[in-house]
């Protein structure tokens, strides 16, 4: 329990991940599913960035004096996550585009409905 | 390079078959001449090959010790290959007349020739792997023959045939791989390759042997894996006769001989008591085949079950592991081939002339087709094992082999089965010849080109019975080399 | 010859740049030609790379000449070179085939997008194969996922969209998991370069056992989804059966494999044999899942009524073999896995293409409707038969050799009982492939009313398939050399 | 050398002749008949000619390679007797056949098989090697089968079935014996065997039992006789004549070879044979009395006579060094039986030829006015009952003396019983033959008043007359035969030389007593109990039909039971694998057809949120089958939801396994 509390970034990201996953799992509405997916992605990003963050250190942007390597946090995860966010966004966009297509063909974004239409 | 000549009899019929698939013949006669020439030439070539040099071997592709396509000529192979190619000629000439009756001759003859090549390949295989390859290939090449008629029934049977064959081959493959991991070699050697091996893992060897025996035994119609054989009777008669007499079932037997004597070796088998367990199945095969044959009304089915039982004889000869029994087994391999092919030809001739396939329909047919049925009668008597026909000779050696093991049981089973054989074959002869009712006799003897193979084969049956030494010497030679 | 060291990057660049040029070319003929050209060039370059690597050994290529931990690194060994040759050449043949047929399956205005996507997909897959950098790999995975979705949805039918969405969502969850795994690794080692991670881990792995296990698990599942490891294959049958045939071929033959390569790299390059052997449970799990896949995939394939779904499920089974090989955890297993990847890539694409042409000519997808097809399209079905035989594992054909090696591997690995699994699975393979062939060629009632060769494709259009089959035969015939080469590659992996 | 060729000639002549005759017969029947008569005549002549050579010593011949083991033939005086009788009988019956068969169908086939049978029979008698013997034995079984079912009617087929199945089973049992013999001794030549058998342990009894059973089927020893009363009446008369006269002797020949030569008259075996002989002679005679079909009576009579011969064989063994008399008796009786039984059959044949009827009731009184036939029949009758002056008297006397000697030697009370049985059986013989004679030749009948005279041709008469002459001649001059028989003594290790005087008071008295008993039995039993009046006509009844029949009540049920039960088992095995698969698939099908209450909770829970798809049938029917559920399930499993769900499970499971 204590571990969870001390590593609250990780805890939070795992909770977020769970929320996202459950959303993805349980909702039959496609939009909600995509939102769930996004939440999951966000959780991962949070997790990743928190790995790079060290309490009390600054972002690796030199303002005035260079504080040495010890003064800054690791910039790599942040940079990576920027890429990650871009990828996630593009996938979201793609998924949404597909959803629109699906809506055009079926007239609904509820997966249950879609399955029933197909089943009959 | 001279050794690569060994490939010729294997490839020649196959290439010829493919060529036949491509070119178009003006009429059937030309095609028949072509086919006849190819098959006869192949035999001539084989004989020439054998007469020049008795021991030849050739590696076609060698990837490693296992994945090695290796051909070798040895005496056993010679026996098998001569048997196959000679009977093939008879079947070819018979089919020339018979097949137009069934239609789709071209396809038939294509696969027919292909199968010849494959059978020769099996005979000349120098290691288990090559044998396995040709064994699988054989299934594929004969499959179109089995489902020749293309009816629903035929397809169903064909599927059964495939499932059984592949299932068996798969088991055999498992055995091959296991053997390979034990010995790092799968090349056939007289007295087996497992001899030097310390026998601390007897159980493993036993399991391997059982696996392989059952695997190859599928083609040899070992009970309880035989049911494809009677079912495969939907095929046209020349196919059934080939399937039964030489190509398929005998390949299974041949493979079993290879496995038992060239891989395991009789001493190792004694040691692991591999033959003991198998012989139970074999006895079952013998009795069951002949007993169930009694139930069949369809002539071909009856013969099929009879084959099951007769194959049991041969298997018995193999598993008893002594000289006499193996001599008997090999003799029966030859004799049964000749007898069964004759019987099938006769049944085929009846069907060809009268469209009759059931026993109750053929009352008095002996008066209409006396020569055909006469040949049938002689072959039937031979199959029962009554002297002076060849069936007796092989039975004699088999029984002595059985007694050598001090098991009177085997001899008794042979005789009981012989009695049952008489029970299912002789009534056919009797109803055919002694119908007890007068009716107008119209001679319906089949055409000469059908009759000649039948009569010649019958002559062979009797000749081999009167003078078994013709093949006996060769077989004794073989046996001495491997037991 | 050091120029050859640049080739991997050049290949990727050619493909990507080509992809971006293509939408600019309005004429679809130009498009096709351009796409073929770029893929063709890249396959030639791959070949040269392979020759080079074979002679001079593995090399590392620093993209932009940044040094290792900071810059992105490509590592090209024999295996990577073989894989890139496979990917590009098979992609080339598939595209070649698609040149003749693609209009029949997708709308005209989508053709140029299709080729763009193909280029991107191949480029991304090559990236996955080459890269030595985890995050770079992740990006390529995402790119390839989107491109793969693209070539499915390009057909623009209802089912396609649904299948694509399913694939997209599942695979993005998968990549999310991969990213999570990367995060764990990064938190332990602070590195993204696999070679460096390996160095770090081999010293400190005892301290981070849980983290390593979790990341291993995440990688396994994440990549398992993408490469259709049973039971995570649920997206595959829909996606593969609904996509245009050429896309299915591409997906089944190439896309699945790239992720497997990446997985192997993670296991053996990043974690290293030492760490993996500490956790035998992982490999055992993979082995079990592989075996399950082999059997269940085949059984499910038997139950299908749609021919493309049959082949799609067969892919599941074949991926089972591949994971089986990985799960064996010995050199032979790995070598067989690689060989099977080659074999399956070639054969499965041939299968999808032949089936595609059958469906195209007859308009029928159902198995029962395709009875008697052998009369109408004898050559096509003949090619199908050869591929099917290889799948079943008839000797000489490559399928047999890989199965055989799996068997040897499992015996050598002391897991003899799994030989039975292999054999059962082969039998099951026969059970669903042979009926197609038999019903196609034989059976009187099937053949009634069919005209011989009435629907046969021209030889020109069948050439690509023929090339694939010949390649397969060569693969089978010269399997000895190829396996030797792969073993060399595996040793220096 | 010339004699060796002659042996081959007498073996091959009939076989080739059969083929040639068949070919000729397709063109002209008359030529064929002539050819066959000439052929058998020539055969008989050749055999007569070589007697001188044989009398000086045996001729042996070995042709290697045939049947692997070689063809080994031998002709010594012992075999010569059999061969001579065979060729004589064949010659006569061939002549007879040409008349008898005129109205029969398939004559050509008949002659072909008739000749083949001759060839194989001679082969049997010539073989020195048991395998050759077996070969000819089997050939003979098959060729004679064609003769038995010549009529091709229901009854003939029925009889033929019994005959052939017993012959084959017997043959196989014989073969089993041969297997064992060869396995233990490595040879099947008769002469070396007689040396080698001594050293064999108890297994020799098993072997010889098997061999005896094999030969015994042909010799119709009890209880293997069941085919005989059926086959003899079924066959055409010439065929029944040779069946009874000669073919049965092949079995006897085999038994002699086994018991007396191979086993050197082993005591145990001889005793068994002796006992069987008595049973045979009694049972045969007893059953013969009840029969109404002439041929059937004669068939049972054969069985009874075989009993005498078996008794003789048994005595040869029992009498050890004093066995000369038994040897004489046995061989003589074999010889005689062939003659008189054939004569009787031929007489019966004449009746059948004319009337196509064999039942005593139907042909009653037929021969009242047929004096020639009556005389011929009477000669046969006298011969068989052992009336002094006929050959039967000689051999019966010899047999009786041999028995007496054995009694004298062993002083065993059982021999008293044996004497009684011997006498009673002989009386039975008298009784049943009297039954025929009285019914056919003495009683009056309105139907038959001397018509049909012209039916009796010379060709039928000559053989019968010839036989009668021989019968009487050797009856009066027995020493001719005895002299010939002397040559066989060495073979049986008999050293004595006997000069019996047959025509003394003692012998004639005992013969007369027997005949007298026979009369008493006939009058006291047959006329009283078996002859009933029906519609004013005397009718013979046969109560024995209702009695226990070995074949009907024992062999067939047992065989049927074995057959049925084993078929059952094997059928199960046969269909085993397929049935198993079928069973599984059927049960799966049945299972999927089971109606279950609405999708169970478990399935609903699997989906977590109840999807509407599951109830897409709008709850029309409360019940759905299992397969419906599977269908829906399969459909749902394909959904995205399921995919994600599986994914979640997998994550939990994999991570769980890995971490914990």
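Think of it as A, B, C and D in the order they're written, each chain with its own count starting at 1.
Rule of thumb we're sticking to: contacts are C-beta pairs under 8 Å (C-beta built on N, C-alpha and C of every residue); 3 or more make two chains touch, one makes a residue touch a chain.
The chain list, named the UniProt way, goes like this: A = Multisubunit sodium/proton antiporter, MrpC subunit; B, C = Multisubunit sodium/proton antiporter, MrpD subunit.
From a predicted model like this one, the values you see are computed outputs, not experimental measurements.
K.L.:
Give me the set of chains touching chain A intersected with the set touching chain C.
P.N.:
D
K.L.:
If every chain is reduced to the average of its C-alpha atoms, which one ends up farthest from chain C?
P.N.:
Farthest by centroid: D.
K.L.:
Go through A-D and C-D and name the pair with more C-beta contacts between its chains.
P.N.:
Contact tally favours C-D.
K.L.:
Hey, how far is the Cα centre of chain A from the one of chain D, in Å?
P.N.:
For chain A versus chain D, the centre distance works out to 99 Å.
K.L.:
Cα centroid separation between chain C and chain D, in whole Å?
P.N.:
Between these chains, centre-to-centre, one finds 78 Å.
K.L.:
Taking each chain's centre as its mean C-alpha position, how far apart are chain B and chain D in Å?
P.N.:
Here chain B and chain D have centroids separated by 36 Å.
K.L.:
Could you tell me the distance, in whole angstrom, between the mean C-alpha positions of chain B and chain C?
P.N.:
For chain B versus chain C, the centre distance works out to 45 Å.
K.L.:
Give the residues of chain B touching no fewer than two other chains, as numbers and ranges.
P.N.:
Nothing qualifies.
K.L.:
Spell out, as numbers or ranges, the residues of chain A touching 2 or more other chains.
P.N.:
21, 24, 33 - these are the residues of chain A that touch more than one other chain.
K.L.:
By the touch rule stated above, which residues of chain C touch at least two different other chains?
P.N.:
In chain C, residues 165, 169, 173 touch at least two other chains, as defined above.
K.L.:
On the basis of the stated criterion, which chains touch which? Give every pair.
P.N.:
Taking the chains two at a time, the touching pairs are A-C, A-D, B-C, B-D, C-D.
K.L.:
Taking the complex as given, what residues does chain A use to touch chain D?
P.N.:
21, 24-26, 28, 33, 111-113, 115-116, 119-120
K.L.:
Which positions of chain B touch chain D when the two form their complex?
P.N.:
223-227, 284, 287-288, 291-292, 294-295, 381, 384-388, 392-393, 396, 399-400, 403-404, 408, 411-412, 415-416, 418-419, 422-423, 426, 430, 433-438, 465-469, 472
K.L.:
Please give the residue numbers of chain C that touch chain A in the complex, ascending.
P.N.:
135, 138-139, 142, 145-146, 149, 153, 156, 158-159, 161-162, 164-165, 168-169, 172-173, 176, 179-180, 182-183, 186-187, 190, 192
K.L.:
Mind pulling up the chain A residues that touch chain C in the complex?
P.N.:
Residue list for chain A touching chain C: 17, 21, 24, 30, 33-34, 37, 40-41, 44, 47-48, 51, 74, 76-77, 80, 83-84, 87-88, 90-91, 94-95, 98-99, 101-102, 105-106, 114, 118.
K.L.:
Considering the complex alone, what residue numbers of chain D touch chain C?
P.N.:
Listed in rising order, the residues of chain D that touch chain C are 637-638, 640, 642-644, 646-647, 650-651, 654-655, 657-659.
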